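Got a structure here, written out as structure tokens. Questions coming.
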């Protein structure tokens, strides 16, 4: 059915279809752009929220105590050993002297502790940061089995809350993006359907002079794709521009919020948005014209 | 120009206009519904974010120290006095004995403080919660001028951060809702424009048989309003249903997140969304038909 | 009643549809406009109700300079001119009754009057039986009759009929012509463009022939062709 | 070539457009279909290319039972039947050339052939000069000629012409009729519905008269009216 000349004809037809009712096409592209931009913002929002949550989780760490005195060399050795363990990202060492100093500072004015306690009662401390909150319990267990370490502590309750939070955010984000995807689909498909409905008479006449369903359908599908691609690209341009500006603003206003700036991830999202436009346009063209072809 | 019979005619025309191309109207209503629902979710989101931030701010409090011993009666009197000050929401009293007990508990295991310090070195403490973070510095100043209070402390830096955060969130929320409002406007107006464009020929013929611009315009404007109202109401139904379900889920998953459940505020938002639909529909009908009337 | 002074119409694509037309049609006259396909008959009529504006020249209808009135005045001009469009121009989403009634509706006529006059016009063209049909449920001739009914429903002082019998059988064509003649005798100025030789020859009215955008003949009691 | 057996067509609104029609048209015949407005001429033609289906009875075109073929077969049936629609049915967003070429395009013809045949058809109806115009830039007669060109462009074995001269002047009408006659002599079956008495009377072909949905006359070398 689709010979090379046909394919060429369909593409030319599609382009001229847009040219023949430019206002309708612009309006349709505008709607697709706006919808995809909103969708893209959501995607970016969800990714950033995920980042913030991971950031929070990353701040969760284990505290390991060593009661006995540690020579700096031993401490460094132990620090190295800990940092080589699986799932461990970073280990920071606070000697008992450092801890005592900062403790005294914290309570200065309130309590002249140094006056009453002459000997430092605090242990040496290793703060262990893990790669992700899931492995925390395992790492804690592994460390507590080391003979050098006297005690390992971490906030189990807080961990549970954060894990739960991460799970729920992930699920909610997923569900929301999915819902928004369907909303976008609905709007894009129906927008293209509206432009096709306006050409009901054309389709009817085409059928009367012997055009098959697929012959009529292809140009519309291609037109849908073109509208989708145009809307998708415009949306990406809008998203890129505003995200860069916004991310910079947020990053400078809240240095503590980890804004996603991973080029690969961002490009992935942008490409997804553009592809979404394309696919939705195609579906829109296909669905909308099918109904008319049947009816005419 | 608009006599009673005309008005009746316009309304009947508008209703029949929908009836004459039901598919187009349904599609248009669908798009309006989806767009307004997204808009409504954003409004609800911004309101809730504002609530969370206020919640955070509310946790900021002043700490007032009284070094000398306080008889329970004197303490109660002072507490009352503090709580009657302007801007103060709540005052909680921690006697020096209570504080000492909890301090010892916190450091149990680490430091046998009670072994070395026999006398309680801590002051009596009043935790003062203020109505909103803005008044904090003023309240702090007022309290520090009271002769009964030895010292007033609050975290100025944290306060600054929170205030900044509140401001930025407010601004960002406002800007975002505004942008989304225009996106919604664009989509709704253009959707209705698409349905009107499809009737270009009708408008042209009407003009040829002597219809004035306003005579042609009114039924379309009313049709736009009807589409907007229908979309708005459907959006509110969707929003109500899903917000109730969602709010319950979130409230039970994160008891610490303050979900907005103020009926007045929610109804205000719902009514706003419905009105938005109406106004947008009206604008859509008006703008879209104007252009055709000019051109025909 | 109708006057064209040195009127030319050149379309954007360069087609010279009318060239230097001078034409006077008096009050209550009945005039046939004849000429081959593409001669400019429809274009001439379009100038009268301002669907098109002349490239040069002046168009006067009922003492109004049609080519100079403001946009807002056009609807009121059109209400005084009943037009039978060559391609009918019926509203597809409205029934025959509604299409005819619409021409009264726009004038703000009261409902009872709309009903009475509409039924009367449908009666005259024999379309009462099809009043509730939509245009795409009509035969070609029935569409044409509906269009004629709409043109005469508000009893306009001027009636333009562009090929009003192209899809009608000879008998019905004669009936319609008699109707137009009757309307003319009720003091309406009537201008009819047609290709129907038999009718033009039989009616013995003033005939204006147009060819290639120029008036080539203007004859009282004329025939379709020269002599 | 064309056969209708006991065909009736009742529309949803209750109109009985065709009643108990029996008609046989042989290969390469030339037949006029006459009758008053609303008689059922257009409806009869619509049955042949399956725009409508009969309520009862059988419609056979070129040995195919038209009322029984599957949806997917309809386009191929229609490519064998050239139709001059009474209301033209031109694609408004395409030029005259594109409208005519479209009927070839759907058959998958190669481009060079499309160009040659389209120009040839436009030549035959005298529309080469207007090839780049859009339908709304055409006069009534020019639209009709375009529609005729589209119907004959792919040289179909059957040609249905529904009132093909309604908007043409007598001279052009005769030219078109001669064209149809020539096409008929090139072995195309031709069925023409018309109200043009002069032409029917002058052509001396088989005449089928239809009135109120019934065939009232079927006459070789017939006239427009009885006798």
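All chains are identified by letter, namely A, B, C and D, in their written order; residue positions are counted from 1 within each chain.
Please note the rule applied: a contact is a pair of C-beta atoms (placed from the backbone, for glycine too) under 8 Å apart; a residue touches a chain by one contact, two chains touch by 3 or more.
Since we're looking at a predicted model, the values are computed, not measured.
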Contact-graph separation of chain C and chain D, given in steps at minimum: 1
Chains contacting each of chain A and chain C, listed by label: B, D
Distance-maximising chain from chain D - centres being C-alpha averages: B
Length of the line joining the C-alpha centres of chain A and chain B, rounded to whole Å: 24
Inter-centroid spacing, chain C versus chain B (mean Cα positions, whole Å): 62
Chain B and chain D: spacing of chain centres that average the CA atoms, whole Å: 67
Residue numbers of chain B (touch at least two other chains): 21
Residues of chain C whose C-beta touches two or more other chains: none
Arrangement of touching chains [line / ring / star / complete / other]: ring
Chain pairs in mutual contact under the definition given at the outset: A-B, A-D, B-C, C-D
Complex contacts: residues of chain B adjacent to chain C: 1, 3, 5-6, 9, 20-21, 201-202, 205-213, 215
Parts of chain C lying in touch with chain D, wherever the complex brings them together: 11, 13, 15, 34-39, 41-42, 86-87, 132-133, 137, 139-145, 162-163, 166-173, 195, 197-198, 224
Touching residues on chain C, where the partner in the complex is chain B: 49, 51, 72, 74-76, 78-79, 83, 85, 89-93, 102-103, 105-108, 110-111, 150
Contact set on chain A toward chain B in their complex: 21, 23-24, 27-28, 30-31, 34-35, 37-38, 110-113, 116-117, 121-123, 164-165, 168, 180, 183, 186-187, 190-191, 193-195, 197-198, 253-254
